[in-house]
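Labels for the chains are A, B, C, D and E, by order of writing; each one numbers its residues from 1.
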Amino acid sequence: MKLFATRDASPAGRGGRTGHTGSADDVGTADAPIAPDPAGRRAAGRAVRRRLAGHLVRGLAMIWVVTTISFVIIRNIPGNPVLGQYEALIERGMSPDQAQRATAALYGFLPTGSLWQQYVDYLKALLHLDLGQSLSTPGTEVTTLIAHAASWTILPVLGGTLLSFLLGVTLGVYAGIKRSGKLGDALAISGSLLHGVPQYVLGLLVLAIFTTLWPILPAGGPVDVEFTPGLNGPYLASLIQHATLPVLTYALASYGGWVLAMKSSVATVLGDDFILAAELRGLSRWVLFRYIARNAILPLFTILALSLGMLFGGAIFIERIFNYPGLGLLLVNSIGARDYALMGGTFLVTTVAVIVANIAADLLYAVIDPRVRTGGAA
Amino acid sequence: GTTGNTSSSGAGGIYTTIDGSKQIDASAPINPFNPQGSTFMGYDAMSLGWPKNDLMNPDLFYPGLAGSWSVTPGQGEVVIHLRPQARWSDGKPVTSEDVRTSIGLAYTQGGSAYTVNSGAAGAAADITVVDAKTVKITQGSNRSNAFLRNVLSTVVVPAHVYGSLLPAGFWTTLKTAQGTGPAADKAKAVITGLAQKVIGFSPPADVSAGPFVLERINPGAALLKKNPYFYDAAKIVPDKVKVLNYTGNEQIWNYLVSGKLDNAPFTAVPAAVMARIKATKGNEIRKGYSPVAASLAFNQAHKPYDNVHVRRALAYLIDRGQLTRVASPEAGTPAVTTTGIHASAAKAWLGDGLAKLNPYKVDPAKATKELKAAGMVKRNGLWAMPDGKPWKVRLTVPAEFSDWVAAAKSIASQLNDHGIDATVTTSADYTLYLDELASGKLDIGFWLMALGPSPYNIYQRLYGSANGWSLLAGRLRHSPPGKDGNWMGGPEVVGGVNPGELTNRLNLATPEEQKRIVGTLAGLTNQQLPVIQLYDYVNTQFVNTTRYTGWPPAGSEALRLPAGVWMQLGMIEKK
Amino acid sequence: MISGTGITKTYRQRGNVLGGRDVRALRGVDFSIPKGGAVSFIGESGCGKTTLGRIIAGLETYESGEIVIDGTPMSSLRPKRREAEFRKIQLIHQDPYSALNPTRTIHQTLEAPLALRARRTGRPSSWVDDRAEELLSLVGIDPGYVLGRYPHQLSGGMRQRVVIARALTVDPEMLVADESVSMIDVSMRLSVLALLKDLRERLGVSVLFITHDIATARYIGDEGELYVLYRGQVVERGLTESVISGPVHPYTQSLLSAIPVLHGLERPGRERVVPTEALDERHADSGCLFARRCPFRTERCTAELPELMRVEEPPIGGLAPLPEAPGAAPHEHACFHPVRRSVIPEEAA
Amino acid sequence: MLPGGQGGARATLRRNFWRGVGRVLRRKPSRIAGVAIIALFALMAVFGPMLYPAHLPRDDNALYAAPSLAHPFGTDFEGTDVLALVVTGARYVILTGLATAIITVAVGTALGLLAGFHRGRWDTVLMRITDLQLTIPGLPLLLVLSTVWKFEGPLEMGLVLGLLGWGGIARAVRSQTLSLRERGFIEAARGLGLPTRHIIVRELLPGMAPYIAMNMLIAVTGAIYAQVGLFFLGVLPFDSNNWGVMLNLAVFGGGALTSAAALPYLLAPLLAILLLTLGIVLVVDAMDEIFNPRLREE
Amino acid sequence: MNAPRLLRRSRPAGTVSGGAVPGGAPRPDAGPPPGVRVRDLTVVYKTPLGELPALGGVSLTIDPGTITGIVGESGSGKSTLALSLLNAVQPPGRIAGGSVEVDGLGDVLKLKGDELRGARGRHLGYVFQAAQNSLNPLKTVGKQLLDLGRSHGVDDLAALVRDARALLERMGLDGARVLDSHQHELSGGMRQRVGIMLALVLNARLAILDEPTTALDMITQATILRIVREVHKERGLTTLMVTHDIGVAAEVTDRLAVMYGGRVVEHGPTMDVLGAPSHPYTQGLIRAIPRLSGDPAEARALPGRPPTLGTLPTQGCVFRERCPLRMEVCETSAPLPVRREERTVACHAREPYASAAGRGEHA
């Protein structure tokens, strides 16, 4: 999602390089190398594990808080699922009497007991990874619904994000190196604009263009049901056809962020002394380019991990617009149906995705940045 | 085959449609007892019969799995004769045992005919398997004229798939439950306790007695293939049916514009879109009777809507023709007046009586008179409450229903033109809206009404639980405004008439008596205006003639039924 | 006016992947700075000079030890009073670029503390501007030129003077100058040193001078004292001239040997001490802290920690004893094998 | 408290500041365009509703009229001029944006300063809360919240959006505070006994002004998008003209994506959003230079 | 480590602790060290005030085999000069004119593309001003060494690594371990030595060191200076060392050039320049150095403040505003460098001392 609250995690928000520069260790004149002895490496491995443990504890604490918050909010949502179902049945032609009995049977298993008791039960079930039963799709586990939806979210999110990442990073390098040129400027402005425009605007424009003005692609849905699922041509073709517009929208929406982030990262790296030093040592253009690109892309990997986590739940507009059956749409629908369990579950999973992405991002950083890996400055 | 309908399998081709009653949920079980279940009425889910859309008589049915039926006068006993050739898609015959099991399962869900509440009106007392193809169902002592139609609506599932859901001794338990006393209560609990298991039951594959059987489902669509064992298989033309999913009406419009759908049920459509739909090759519109109307409902517990003059004034100010043009130009006709009944049915029920009712034609002068009569005052060109406080008319509609939103905005604009400060507020969704309505938070809201053809169903919308009358254990009770969901807050007795009681009597009355009661209620409603009837919906079905023909004609009694039933009736033909 | 005994300070380095590592920045330092006196701290990078300076200026906490200002032990005071006491001691930052707020003009920078004082003491507000100009003149810059300007419009030397002027707004009794001239161009460095010396002489302000450039320590005035710090310990102290010309501790000697010789003007000293190893903070803490690097170490050095002791008379090396002025600070060292060595360059003929 | 002479000095400074701003803007014509766009929207928000009667006129005979001279963006389902809807709708949208921005900036800055300035336990607690705020995905939470909370107007809407959006600023301000704290001038100010209020308001905040201003602009846009998005999804009740409501009605009521008739009705608010974004992007570009005296010169 | 415990020195040059090279650093191939002749070098920087000269026609001859020091205050153009020797002035700077002749390479300023790239590193070794950060933080030193080798088409990479290790060991480091380290695992002094190694490992014979000891500790600085001196001698280099610390220059250099405001104002043998400075700036500078010996009271700061690009006079002598010997002619005409014996001085006040033959260096 690219609304306001997540600005910080979106690529440009963290445009700068994550500071892993000087620390007290650099001050000393110690001529003895600080780490690369086996003991040091082992200690570093231990340290990474400890870091992971710390993250897990904090992550779990956060999950608990989020669970509690969502529980409280969700149990306070006005609008009774029974009423909604009742009216729906009436409209389907049931007699009021019939509808009333049917809904009573349907919601016979609405949570009962004091709010506190419900809360305790909810937490207990959570420990068994049991999110309860869906109310709007009675008899179906919330986890099943979420798993199905998640698989549909992953396709456009991963596809779109990776596409935009590749494109954005490539063009960002260009924009960073040709900062003062016309094309660099144009890239930066277009990046800012795309980064700034909300997803739904892009989604609606894309939809208007490719289905109304120039109808060449299906307007929505996941895949044509005619084809047998599996690794066969028609099925995959249909899958790709349907995913094109959502993926395109994702890619457009996040592309700008990558361009901006990469550009500023490249600009920072270009200002780093070691690049000039490498140039003065006569390193070839290709090596130089690799130095710039690798150092510049490093902070972006963390952002990538974070944004993947964020996008997980942020697909709401795109999924709504393109009728793509992912988590975002699931959440919207569950709210409409006042499906407490599903709502809570989706919200929780979305949040956990972000928390996990946070942890992953941090560990990823520890793995790809030798400064963290071998425990220099942290 | 995603753009246009190019692919076809076999001679019959693929029939593409949408299910108007629910959105597809690919993870839902293939089980008709589940409200989200992946079964489709008329295609792979069958009931004993299919209701005809008659203006007045709710007991007219097309035969379904029941080839024929007989009923004793007073509906004491219904005998069902199953079609001899009916078979399940796995080849097993459809038997009386299937019906009995289905009824047993229906008991766990509760329902008018199959309820364990002793003494409830129209409850079945006994189910007897006469022979392999004949079942007899008798009604309890507290008779209701809805018994037959409730029985015929029974959805039948295969006993060899669902049978295991009913524990041994189920029927004995049921008998116990139908009695009274602690043993009965315990037995009731046992039966209702099965509800969840039944709803959640997920057969590994679809076993259907209908013309189709589910082949595959994904979040975007369901694919059904022809059931070779269907009793009238020869009548079924398409090889497959594709039921597309949708999240909003705009998707249906898109499908229609692209000519993808062979038919689509009633959908609200803006005029411009309708023009586009009509422009698409093969698209045609079949209009028919739809017993639904939209109305503006008042919360009479809120001032000044307790005053009938205020309600009447508003009725004189609202140009129903104009607002229908804005809100629902194709699928609505401006209400001739407020009767509580859909205009088409009103003619049948009321006959000449209809002409005698006040039509509430737009008349600002009369409105002013009514407002004055209510003690309202005009200040600086704006009407105010009798005590001089500003009068703000707040119209609330659920944001989901675009035609209601447009209608509400139109009403607000019209009222504004006449010096009444009106605004439109939306509720996030229908559920929330209903909740707000029920809890008495809203002054004026939109309300669906005239849900025929059963006259009880029609007037229950105005003089039922929303207005304070509820049936509890077979007895009618009236709750004061603000209690038990009574948000309309109308008087219990007006002009010596208790409309709730009259409405309830409709369930038991003979046709003649029904006519009399309906006449009384229509007059009362026209005078008292608990709601202002805005427009009557027109059942607007979309069909496409490029691939199939033989659609039910305009006004057909079958028009409200799913296309699967049309096929069973032998209507759809390959072009 | 300010003295301290047994000051220790340990930094716990958190956030390090390797877990917490403790840096013992100060290990029981005693010092005493008389009114109007001048003391210099010298030592290798990381030996704790800045830390000690900041502790003296009241900007840093310490674990143990006591600081006494004008006879009052600081631990006996409430925080508010302590702050007021420490206000008598003003720190002059090393980096004149970061010591001034880039978004505020010099006028604004000086006005704030002066206005506060004016309000406290009931002076008229016109006093503020007058005093600002007065202070700027005192530190040798033209008020008309700088008042309306932003820091980035001034040279390093001017900025450092502004910083000093700002410190003077509270009439401090002592200035702590932490590497205050190291970032100023050579050609102007001396003028700032001269200013400090001048302030000391004219206003009687004590100066604590922190530097790693020993030569500059000579320039802040007579009777200056020199403390040589090593890994958070004072290893040698005495009158500046005395320590420079007759260092006793091998560490002091290596520091002095490392100073580049201005060939042409100077001749190298006769001896030169080079540490056998580079500094490694992870070296063992037992015994003399310098032992690992000391070319003269004996077994005793690695076993025992030497305390500060007076340089014995007659001196052990072959050099003539230096005359010690009566009442002046004694020359002390912490070495088991004290030998005076002549390591500093001599004036070329 | 302030002597007259200094007031004069301050006025000069302020004049210099604005002259500098002018210089910075003139350096690139795109920045002037950005300012002009934002000014246009500001004017729309302030005076827009005054240009039209309280109840916008309808034309029953021109429902979804095509764009024409009289109706540059056509009309809506009631025959009301779409341009008029966009203009009068700006106030609601921008008011929410401003309310959000003020709350975001106020809360974010205050918490960031508090955490960065006092460090220690305060810092830990505040940063955990900030982390939480940043972790919980905003839009899903808003969706869930919008069913609990009946938003009664732009300000209330802004309040909620603001309370959900301060985390980024808090974190940025904190890290800025932490890094500025290490700068000598803050320490010097403390050493001189200047009151904390002075340090924060006069010494710390000016240095962070570009950050804060930039975040404020971003918060305004963010709030506008979030709000319009929620209206578009239809989860918020509306009681006046609003771009999001227009989008919703155009798409879900007018079938703008199905037939071209309602397309102008859809495109008008979309264009308004795009234009506003462009303006803000162009101005943010100049923000750093505006607040940095060094870059402002020459 | 087996550094000498107590090192007595009488003269700066030559008395290195023998040639005992641990690991045997490879001797560069035979051939004399290169000489460098800089002629009328002008470098301008683009600023909001227009293009301003950071180097205003600098001429300087660096004799083969010498260590030449370039000293001057901040902003005097030292780094700009050093970068010009590699034709590597960074934008917004631009070399506006002049030539830099290096023996065996020709005019460096005329080199382009791969030619220039090949010259850097292979012929011209540059040790970076902020050597602290002159290594790619993500790669080990060894990998960067390989990058260097590959960029210069070295076939025998194993030999390169061997050379590098030997060189590092020559400088007192554990070569294998250092090659296996990342930048952050090395201390400042070690990084500086790695910088020197990378500059010289391809047998560059002209070494340019920009402030090699700034930001280093005193004791480490002494070590690095010693290493510079020793390596210079062992490998037969021509070395240019840029520093703002006259002491550092005095310690290691044979010849000294003093820069002010983008000009070389004095150039000559170090001992002479320091012992008997001719230019008033040099004199003032030396008097302003805080020293360990002598009377502190005699030291004086130079009046005024060092110029920046913006405040530099465009006409006449750049130093005149701070000059005690200022004359009328200084306002209008810039003094030309005048050579007298080993010394070159650019000052109107000193012109009478110039020999008739001395106009311009090597005239």
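What we mean here is this: contacts are C-beta pairs under 8 Å (C-beta built on N, C-alpha and C of every residue); 3 or more make two chains touch, one makes a residue touch a chain.
Treat the numbers as computed from the prediction; the structure is a model and nothing was measured.
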- Query: Common contacts of chain B and chain D?
  - Reply: A
- Note on the structure: Hop count on the shortest chain-contact route linking chain A and chain B comes to 1
- Task: Between C-E and A-E, name the chain pair that shares the greater number of C-beta pairs in contact.
- Result: C-E
- Message: Closest chain to the overall C-alpha centroid, by per-chain C-alpha centroid: which is it?
- Response: A
- Note on the structure: Distance in whole angstrom between the CA centres of chain D and chain E is 53
- Task: Just give me the whole-number Å value for how far the CA centre of chain B lies from that of chain E.
- Result: 92
- Considering chain D alone, which of its residues make contact with at least two other chains? 147, 235, 251, 257-260
- On chain A, where are the residues touching two or more other chains? 28-32, 78-79, 211, 219, 320, 335, 377
- Task: Could you list which residues of chain B touch at least two other chains?
- Result: 248, 254, 400, 429, 432
- Sort out for me which residues of chain E touch chain A in the complex. 83, 86, 88, 90, 117-122, 126, 128-138, 140, 144, 147-148, 150-152, 173-174, 177-178, 180-182, 184-190, 195, 198-199, 216-217, 219-220
- Item | Of chain D, residues touching chain B in the complex | 55, 58, 60, 63-64, 77-78, 146-147, 234-240, 248-249, 251-255, 257-262
- Message: If we count contacts the way the header does, which residues on chain A are in touch with chain E in the complex?
- Response: 25-26, 28-36, 272-274, 276-285, 287, 291, 294-295, 298, 369-371, 374, 376-377
- Query: What part of chain A is in contact with chain B in the complex they form?
  - Reply: 78-81, 83-85, 87-93, 95-98, 101-102, 104-106, 108-109, 133, 136-140, 144-145, 148, 152, 211, 215-226, 228-229, 238, 241-242, 320, 323, 325, 329, 333, 335-338
- Counting only contacts in the complex, chain E reaches chain C at residues 1, 3-10, 12, 73-74, 187, 189, 217-223, 225, 244-248, 250-251, 270-275, 284-286, 288-294, 296, 299-302, 305-306, 322
